[in-house]
Structure formats: C-alpha cells, structure tokens
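Labels A, B, C and D are assigned to the chains in the order they are written; within every chain, residues are numbered from 1.
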Amino acid sequence: MQVTKTTTLGETVALNEPLAPASSQQHGKVQVSHGTGRRWPLSRWLTLLTFAVLLALPVLLAVLDNSFLLTLVSRCMIYGIAAISLNLILGYGGMLSLGHAAFFGIGAYVVGITAQNFMYGTALMEWPFELAASNDAIVVWPVAILLSALAALLIGAISLRTSGVYFLMLTLAFAQMIYFIFVSLDQYGGDDGMNLMSRNTLLGLDLDNDLTFYYVCFGCLLLIYLLVQRLIAARFGMVLRGCKQNEQRMQAMGFPTYRYRLMAFALAGAGAGLAGALIGNQMEYVSPNLLHWKMSGELMVMVLLGGLGTLLGPLWGAFAFLLVEDVLSGITEHWMLFFGPFLILVVLFAKGGIYGYLIRKEQP
Amino acid sequence: MPKQSYVSNPSRFSAVSQRLLPGLCGAALVLAGSSLLSTAVAAEPVKLGMITTLSTKGGYLGEDMRDGFKLAVEQGKGSLGGIPVELLVDDDAGDPQKGKQIAERMIKSDKIDMMTGIMFSNVAMAVVPSVLKDGLFFVGANAAPAPFAGKMCNPNYFNVAYQNDNMHEAMGEYLTQQGYKSVFLIAPNYPAGKDALTGFKRFYKGEVKQEVYTKLDQSDYAALISQIRADKPDAVFYFLPGGLGVNFLKQYDQAGMKSEVKIFGPGFSFDRRLLGAVGAAAEGVMNSSEWNDDLPAAGNAEFVQAFHTAYGRYPTLYAAQAYDAANLIGSALKQVDGKLDDKDAVRKALMAADFSSVRGSFRFNTNHHPIQDIYVRQVIKLDDGSYANKTVSKVFEQHQDAYVSECKL
Amino acid sequence: MSTTDTPWALEARGLVKRYGQLVATDHADICVAKGELHALIGPNGAGKTTLIKQLSGEIFSDQGQIRFHGADITRMPIHQRAHRGLVRSYQITSIFEEMSVIDNVALAVQALQGHSFRFWRPAASDARLREPAFRCLERVRLAHRASVLAGNLAHGEKRQLEIAMTLAAEPSMLLLDEPMAGMSPEESGQMVELLQALKGEHSILLVEHDMDAVFSLSDRLTVLVYGKPLVTGTAAEIRNDQRVREAYLGEEAA
Amino acid sequence: MILFLEQLLNGLQFGVMLFLMASGLTLVFGIMNLVNLAHGSFYMIGAFVAAAIVASSGSFVLGLLGALLATAILGIAVEMLIFRVLYKRDHLEQILATFGIILFCNEAVQVIWGKTPLFFDIPAALSGSVELLPGLNYPLFRIGVIGVGIVVAIFLYLLINRTRLGMAIRAGSSDREMIAALGVNIKLLYSLVFGLGALLAALAGVMAGPILSVESGMGESILILTFVVIVIGGIGSIKGALAGAVLVGVVDTLGRAFMPELMRMALSGGAADSMGAALSSILIYLLMAVVLIFRPRGLFNASH
C-alpha cells in the first residue's frame, strides 16, 4: 500500500474526533491502514453539512417568511458556542464544571451594563480614570470575553486545587456567589434584570436586523469551532486530553498540569463570555437567570446530549435541547413530563450523546 | 376557524408544525399555499397571545390567569366583544429568557395581533419592551413593575391589574389608620420586594423597626421569627409571594406569634388557593386587594359562580384580573369592529375601558394603569371548613400609583 | 549531564514515609551509580512502590534527602525531576488508552520540548514530535502498531509502550516499576532483551518480581524488607546472603 | 443572649433537616459512586405523599409511615430500572439522567396533585411551643425534628458499626472489591442502601412538610445545600454529613440573623440591608470554598 500524503487541512479535519483511532496521524513511515476505505469519515460530512445548512438556512426561511425560526436558530448557535466552550474543559479536559453559567452571565452583563451607561450617557467608571461607555461590539465584546476569562482564571485558580465532584461543587459555589451578587445589585435591575434598548453596533453593521445578527452569530460560531478544533489538535490540546485521561502520568512526564488546565478553564470562560455577549444582544435583555446553576446544568446537558468530547456534539446538543424544549412546550404545558424521560433515554440508550452515537457507530 | 379555537393546544399544534416543516423542503409550497388561503378568508379571528407561568412553583398563578381569560372567551362563545378570537397560551416557566423566546415565536411565527398575560415582573421586563417595539399592543394582566408606569410608559402598554406597589401602599395606609406605632417589614431581596416595602412606607407614618430582605429562595424563617419576637414591634408586614408566604405564615403561627404580634400582608398571599395550603394559620389575618369574591360589583357574583362551574374551584385575584383583561380587550375590539390596523383607534378604545369590571369602578390613568378602589379583607373560615376572604373596608378610593408623574404620556 | 564528580546518578539517604501508624519506608538508603542497572527487590508490602514514588517525586518524604547527579531534589516536584532526566514507568499500566500509540509517545516527547502553550499547529503533523516518538517506538519494537488505539494493545504491548514513553523523555535515569508484571514468558523474554539493550545508556532502578530476569540483568541489587534496605550487593552476593535467604528468598521459594 | 441561643437552636434544627437529606445522599454517593441529583425529588415526593395521606385520613403517623414506605419502594424501583445502569457510567451521565428525573418528578406531582401547594399541618400533639428557658419559647414540632434527627443519627451509627449490613456499607465506601470478597450480594446491597437513602430523604420531606410549603420544585433548594453539606463533610462519611449539616445549618442561620446587623454597623441603612442579604446568601458557599481550599476532600473523608 502506498503512503498517502495528507494535507495539513486533511489532517486537522481528521483530528475532528479525538476519540477515533487516530489512524490518519501517520508518521511518514507508517502505512495508511484505511487507505482503501472511505477517505472522509462521517464526522467530516456531518460537520460540513451542519455548517452548510446553517449558512443556507436564512435563504430558505426568507422563502418561507418565517423570521421566528431565524431568531430561534440564532439562539441555538449562541448556546452552541457556550456549549462548545464548556466542552473544552468538560469533554477534553475532564473538568466537571457546574459554574459555566457564571462566565456566560458575566459576558451578558458586560453588554447590559455598558448599554445602560451608554443609554444614559454616564461613564462606566469614574475612578481611577474616566471611561466612557461604548456601544460598538468591537469594543464591548472583547471586554466581555476578557472579563469572563479573568473571572474564570480566578475561579479556576482556586477550584483546580481539587478535582472530581469537589471541583464541581467549588465551581458551583463561586457561580452561585456571583449570581447572588447580581441579584442584589439594584442599579443593574437585580432579579428583574435589565433591558437593552437596542443591540450593539458592529463596525457600522446594524445588529438590530435579525438577518445580520444571524450571520454575526454564525461567524462567531464558525470562529469558535475552528479555534477549538485547532486548539484540540495542537500541542496544547494533546496535553489537555492527556490530563483528562491520566493527570498523574502527565505530571510524571514533566507537564505542570495545573497551568494547562487553568489555561483551558480560562479559555473556556472566554468562549462563554462571547456567547454571553451574544445572548445579551440577541435577547436585548440580561438577568441573573443567566448565571443561575440551572443554566450551568442546562449547558452541561447540552454537551452531553450532543456528545461529550466531540467537536460538533455540543452544537448539536444545544440545538436538540432548545428545539425539543420549544416543540414540546408548544404541544403541552406538561412538557417536562416528556423532556425528563427524553434525557434519561438518551443517557441509557444513546451512549455518547446523539452526535457521539452517530459517529461512533461508524467506527469498527 | 372552529368555534373551539381558543383552546390552546390545537392551534399550538399548527404553530409547531409550521416550525417543523421547513426542515422538509418540499413543504414550502404547501405552506405558501396555506398562507395565501388564510389571507383570502375574511372572518379571520383576532389572534391573542398569552404568556403566563404554568409550570414550576408559580404554575397555579398562571393557571388561574389562563382560566380567567378563557372563561370570558367561552362566555362569548369563542369571541370577545362579538369579535371571534383565537387565544394562544404558552408557559414561560417563570424564566425571562423563555418568555422572550415565546414572545418572539408568537409575534413572528404565529403572527398574533395583541399580547396579554405575564405573571412575573422579571418576565415582563424581558418581554414587554420588545413586544412594544414590534408595534403590538400589550395588555398586562398581573405584573406591573414600576418602570412601565413611569419612565418607560408606552402608548401601547396597558395594565388592567394594578401597579405593583398598590396593595402594599394600601396596607401602609391601613396600618397608619389603625394606629400601629411600629412595624417590622419583610420582603425578598429582589426589586419587587424592595418596591413593595417602598410602597408600604410611602403611606405608613409610624416607626419602621426593621426592614429585612430575605434570600430569594429562603424557605425556613425561624431565624427571622426569633428576631421579630426579640424586636417586639406592634405589627408585621410581609410580602413573600407564593410558597414563600405559605412557609412564613405557617412558621409564624407555629411559633405562637400570631397572637403576640399582628401580621399583615398584601392579598397575593391570601388567595383562596393558597389559603387551602396555609389553613388555620391564616385565619383572621388582614390583607389588601383590589378585588374580592364578595365585592358587590355588577357581574362579580356571576363571574365567581361561572368560574366555579367551569373549573371546579373558586377564582383568585389573578383569574379576576385576567377576566377583566379579556373583557377590556373585548370592549376595544367591539369599538373598532375587530380592525386592529388603526392603532390610534385601538388605543382610544382601550383607554376608554368601556367594560364592566368585576372590581366595580375602573378607569385608566394617563400612564395606562388603573385608578381604582383598594380594600382590606380578612381571612375567615367558612361553614364547609375552607377559608376565604371577607371584605372589611375600603382603604383607598380612586387610588392612583406613585409613578404617573414620571410618565410623559 | 551533570558537572559534579559524584559517581552516583541517584543518591537517597534516610528516606522515611509514614501513613499514620504505618511506616512505609524506614530510613531507606539507596544509591544508583551512573550507567548501572540496580534492582530493588523485596517481599510484597516491603515498601518498594512507596520508595519509587518518593524518588520520582509523586510523594514527598517525611525525612531524608535525595540527590540526583549531585543536586538536591528532595523537595522538587515531579515534573521538574522529569525535566532533569529522572523518569519513572508505572507498575499498573498507565498509558493514555484513548489515544493512539504514537500519540502516547509524542506526548512524552512534547514534555521535553519546553512549554506546550501552543494552540495552533496540529501536533499530529509536527515532525519534531513525530520523528523522535517513532524512533522510541522502534526501539521497543512497537513501530508497526503506531496508529492503533493504545487501549486496544495487548498487555505486553502496553508495557512496551510504557517503556517507549519513558524513553521518550530522554532520561538519564529510569525508575522502572515491575515492567514484566502479568507478562507471558514469551513477552518477558522480549522485555529482558529490551532492558539489556537499554542498560548502559541509562542508569536504571528496576523493581521486579521476576527473579530470573532480575538476577540476569542487574549489576547490583538492594533487598528491601519492612521499608528498610536489608542488604545491597551483586547478584552473587545477594544469592549467598543468609539474611536474604531467611527474609525473602526462603518465602518466595516456598 | 436569649436571641442568640434561640438562633443557635434554629440553626441546629435546620442542620438536622439537612442531615436527614445528606446522610442518604452521602451513602449513595460514597458506596455506589453515584451523583444523584434526584435525591431532592424523594424529599418532595415524601412530603406530597404524606400530605395527601394526612389530608384523607387525618392521621399524621399514617402519613409518615405511608410516605416512608412509598418513597422507599419508589426508590428501590427507580434504582432497579435506571440507576443500576448508571453505576457504571461516569458522573456526567449520572447528572444528565438524574436531572431528567427531577424534571419528570416536578411535573408529575403537579399533574397528580395540582398546581397549588398542598395543605400539611403540624399534628395536634406537637403543636404549640414550650418554654425551654425563661423567655425562650420554642415550637414543639421543631424540637421534635431535632429529636428525630438525633434518633436517626444514633440509628445510622448502630447500623453502620454494629450490623453485618453496616460492615458491608463500610467496606463498600472504602474498597469496592472487598464487598464482593465478603460474599455480599452487591445488587441487593445497592438496592437496600438506595432505598434507605430515599427513605431518609422522605423522612426529611415529611418533617419539612408542616413547616414549609409542599409544592413542586421544593426539592431543589435543599438539594444544593445537601450537596454543600456532603462535600464539606467528605463524601461517603456519615460522620462528615452530620458535622457538615450542623455547620451549614448554624452558619447559614446565624448569618441570616446577624449579618444585616453587622453590616449596619459599617454601612448606612438601605445599602446595609441589601449587602447583608447578599452576603448571608453566599455565606455557605464561602464556607464550602474555604473548607475545600484547606481540605480538598472535605472534613471527614471516608475513602483515602
């Protein structure tokens, strides 16, 4: 059999599914074991299909004159971003965080607070230096990402001293603290939340237009997806996955694992911050609900529903969760009576989540 | 459209299928065809969207809201004010995000003509501005946070129920009238809780011993009750909605405090469904409300009877408010003959409030919140062993809210 | 590697580790010369694994001192010891089962090459990782299995992989914890061959139950009993030592 | 001083309630390594069943027994149907599945018993209060709750330290393989322990029913606190659950009682009330964080 020359692109895409036998990661001398088989694994087809559908969907919806679905899918993509970022630590890093909503919420509140200050023309900060509020996404969103990452860095630095369920509870604890702080912040609406009178602008783009906003979300999703894909396949990702499988061994090999895990935690926080900034804009409303542990739980459920430790799984999970919830709650007010067992059935029978189940079936 | 169109489920089914079908590309033509068809039919009913809370702890509130509204539609045989209506109801689960999503669906996909309902202030804060932004009318049937009555008031926003502070103001006034020298105040640590106590203090002239804000999901109040015992106020006023109030009142009674320090609250904690859960602990407690089932207003007794016949339970305040909301909408629809395109005409018709409220006298203030009487009621035990409220006196006559001056309408 | 003129690669003096009442190692001394294959033997529960953990840095000693090529590493964390060239392999196979064989070794190579805060370039096409990793696999005769999922390897192959990963760290000294445990005689034979080849290139501290292998491979042996070194000497010396016979070989033989 | 004592008693009583929940959860977690979010649902179901039986029969004792029996049977049934499969899965999948159970149970009680909170009153024999010290009146029922907690603690102590089942439980939480070696039927042991956990949760629910509002979703607020308790105490340790429960109960209660006053010394009225409320809400989370920072595996860790 001949040695197949795989392009760089080919290899990265093949790395899509780290749990798959990494048969395409050949060294020059290694023979290709599946050269005669399908060149493109199912995962790659599904990835292409997913993004193609998302890209083309607005056209179809325009024909159907259904602008609601446009906003619903925007929301699904935003939750998808949050879930993908959570999966980075949950699926690849093996860190059971039940505090991801904190970073999601912080991102949203950055948008909310700057919007409120912008609306009333007040300064964001008067001390130590005066900082005027901006309404441009190019300023506000990076701040949201940065602050979320910073919060994640702090929370992670403490929580990562423990592991397993103890880690889970510590992240939960910190998220709940932030939740209660926002509940009692009267100037930002407390439990009632705060209304944004309009969305941010993005370099002159009008995000109030749902179609524009849809494609901005799509762009962010694609960006995050690609970043995570690269990250997972890069050296950093190898270390992260190694830490999940056997942290002690990683240390024995000479990796200061704490630093890598903390970095991953902060990066995941940053991703959630972007998702938060987007959801704040999408809803034009932010409230402490975004920070509640139930939101962390829902994000976790999305990741698991789609497929833990797969690139596309969390996105599918977000879609499945939100769409099933929306459809069921439309059919009956007792929708939870069916949604609960649905989750149980997924765990019992679709091991590895919906997407994980599909791509795993393919493998020998 | 069939007569039974106000039943939420069948119509929701069609909405669901509309959302699912796009997945199947071939359905596009079918849908396009059906939408053409629907514009051709002349007597298309007016579509009303109701967002309320049907699941989670607050579920019973929304259930009463929905049923009160449905009763009015049923009495009109599927129409309000003689105009056929289709009522879509959906559950926000008390979650603002979810409420917002439903609102988007109702507006963009179901293409409703007017929105009503909303149980909780935070859901209202999330949902209402975008509804108004899309040019729809919103007729609130319960939640009425301060901004909507003041700074954020809007020509297309009406609230039939009250302004959030009203009941607390009435209790403050009543305690002043009755000569209670000092009071201990309790509310959850969230905006509605703070507004409540602010409202109370607006009319209370005595000394406020302590103002305690409890954790939002606080369920055990033993520590608080001990504090009250130590503080020895003349009276306690508490605003703890739903189950929180049940917890507090039961524990207050169990601690033997009811005979020591008299307790007062807004009517929210004393509707007949909650009284069933609290039982004897509530007996004799004074509370404030703009409606009660024994009010002599024209049509009130009939409403209570009809509600009981239809659903097998007695209506609560929420049902009465929703019933009024439905009749208000009916009066406006009748006025404009079901044509909602002329916004000014609709607004004028709503503003006129030309309907018979089960509360009695009712009119809108310039900020589209009611000017109405507010009563003090007392919890009594009925012969059948259940508990109900008896109207004791009128605290406020033609009361208006405190924010109307901030509204530039 | 080291500029100091000590003859010892590893020099541990008076190591103590207590778990509550239990004294796992009790003033243990052990010295491994540069390039030597030194075996550590003793009955079950003698504290061999604890001692290995103390030396590798997984646990810190309550008392005592450890020097590596002359430098004091007593309080040095495990990953820094690894960077200095002191690397252990594991008794219970401790590979990354969800990664391919080559990835396992590449990860170990990666540990050598500075920090891994590299987020962009795919590790799988990085020749700086792949080539050394492949060479290590060749050394342990596992190159033909490079792209197999590590979890799917046979038991003996996993042990080979384990050694390859240890080698990838380019250690000056190996701490090998029972590399032949659970192996078939055939697999053991291969492992002995492999260790024979490694001997001389690396200083090795070997913990092993397979006495034939130990006696054929090691330059010197230390017998550990109840956390204390009983005696240290060449294979012949140990074989003839009365105390060892009583404490250890007698039991084993029976 | 009297007020402080009374608040301490309140904290103790709250702690006892938490202990009833935590002891079951920590056993299930420690022995089966199962993260059971649905533990709060057993608490809720216990309260609902008891309320329903009391309402129809008028007997509190009957309600108590009925609730314990029903919940234990339900617990064992759910264990056999769903949890058995979950033991082998990782924690995340357990969380997902048990989250599903929560949703189902919360809705199911609304379908069965309606949306209004149920009426559940204190039994006549335990109503009213007693004077413990001059000036310190305390509700009899709450004293009863503390009593029940002490009885359960003693019962669990004897069960675990003096019985064969207890020996298996102890072995199970430290060394899983050892149970098999002891010749214990693991399936049966797991079902029994799970049933016991459900029963204790239901007991907590019945104790809470007359004090709290019996409503859908009542399990979640206590669930999080229960997890805080077992994590502080150390997973798998009954002793830890007891210590953690009392600690959390007392800290939470005293925080709520005195934090606003402390804040008022430093800040002005409105801000102090608001800050005090916020701080007392986060106090137990702070407590947990501090404990875990210094003892990453809790106060009493059963397994090493």
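We take it that a residue touches a chain if its C-beta (ideal position, glycine included) is under 8 Å from a C-beta of that chain, and two chains touch if they have at least 3 such contacts.
Fair warning: this is a prediction, and the values are worked out from it, not measured in the lab.
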* Chain centroid nearest the full-protein CA centroid -> A
* Structure fact -> Per the C-alpha centroid definition, the whole-Å distance linking subunit A and subunit B comes out as 37
* **Centre-of-Cα separation between subunit C and subunit A, whole angstrom** => 41
* If you average the CA atoms of subunit B and of subunit C, how far apart do the two points sit, in angstrom? -> 73
* To do: Round to the nearest whole Å and give the separation of the Cα centres of subunit C and subunit D.
  => 48
* **Contacts with 2+ other chains: residues of subunit D** => 106-107, 110, 274, 277-278, 281
* Junction residues of subunit A, two or more chains touched -> 180, 183-184, 186, 334-336
* Provide the full list of chain pairs in touch. => A-B, A-C, A-D, B-D
* Asked: Within the complex, which stretch of subunit A touches subunit B?
  -> 60-61, 63-69, 71-72, 75, 180, 183-184, 186, 189-195, 197, 283-285, 287, 289-290, 326-327, 329-336
* Complex contact set, residues of subunit B against subunit D -> 54-57, 59-60, 63, 189, 211-220, 222-224, 226-227, 229-230, 242-244, 246-247, 250-251, 254-256, 273-274, 276-281
* To do: Would you tell me which residues of subunit A are touching subunit D in their complex?
  => 90, 96, 158, 161-166, 168-170, 172-174, 176-177, 180-181, 183-184, 186, 293, 297, 300-301, 304-305, 308, 334-337, 339-344, 346-348
* **subunit B - residues contacting subunit A, complex** => 9, 12-13, 15-16, 18-20, 22, 25, 28, 31-32, 35, 54-55, 90-91, 93, 95-98, 100-101, 104-105, 107-109, 121-122, 125-126, 129-130, 145, 189-192, 194, 215-216
* Can you check the complex and tell me which residues of subunit D touch subunit B? => 2-3, 6-7, 10-11, 13-14, 17, 106-107, 110, 114-122, 127-129, 137, 139, 141-142, 210-218, 221-222, 253-254, 256-257, 260, 269, 273-274, 276-278, 280-281
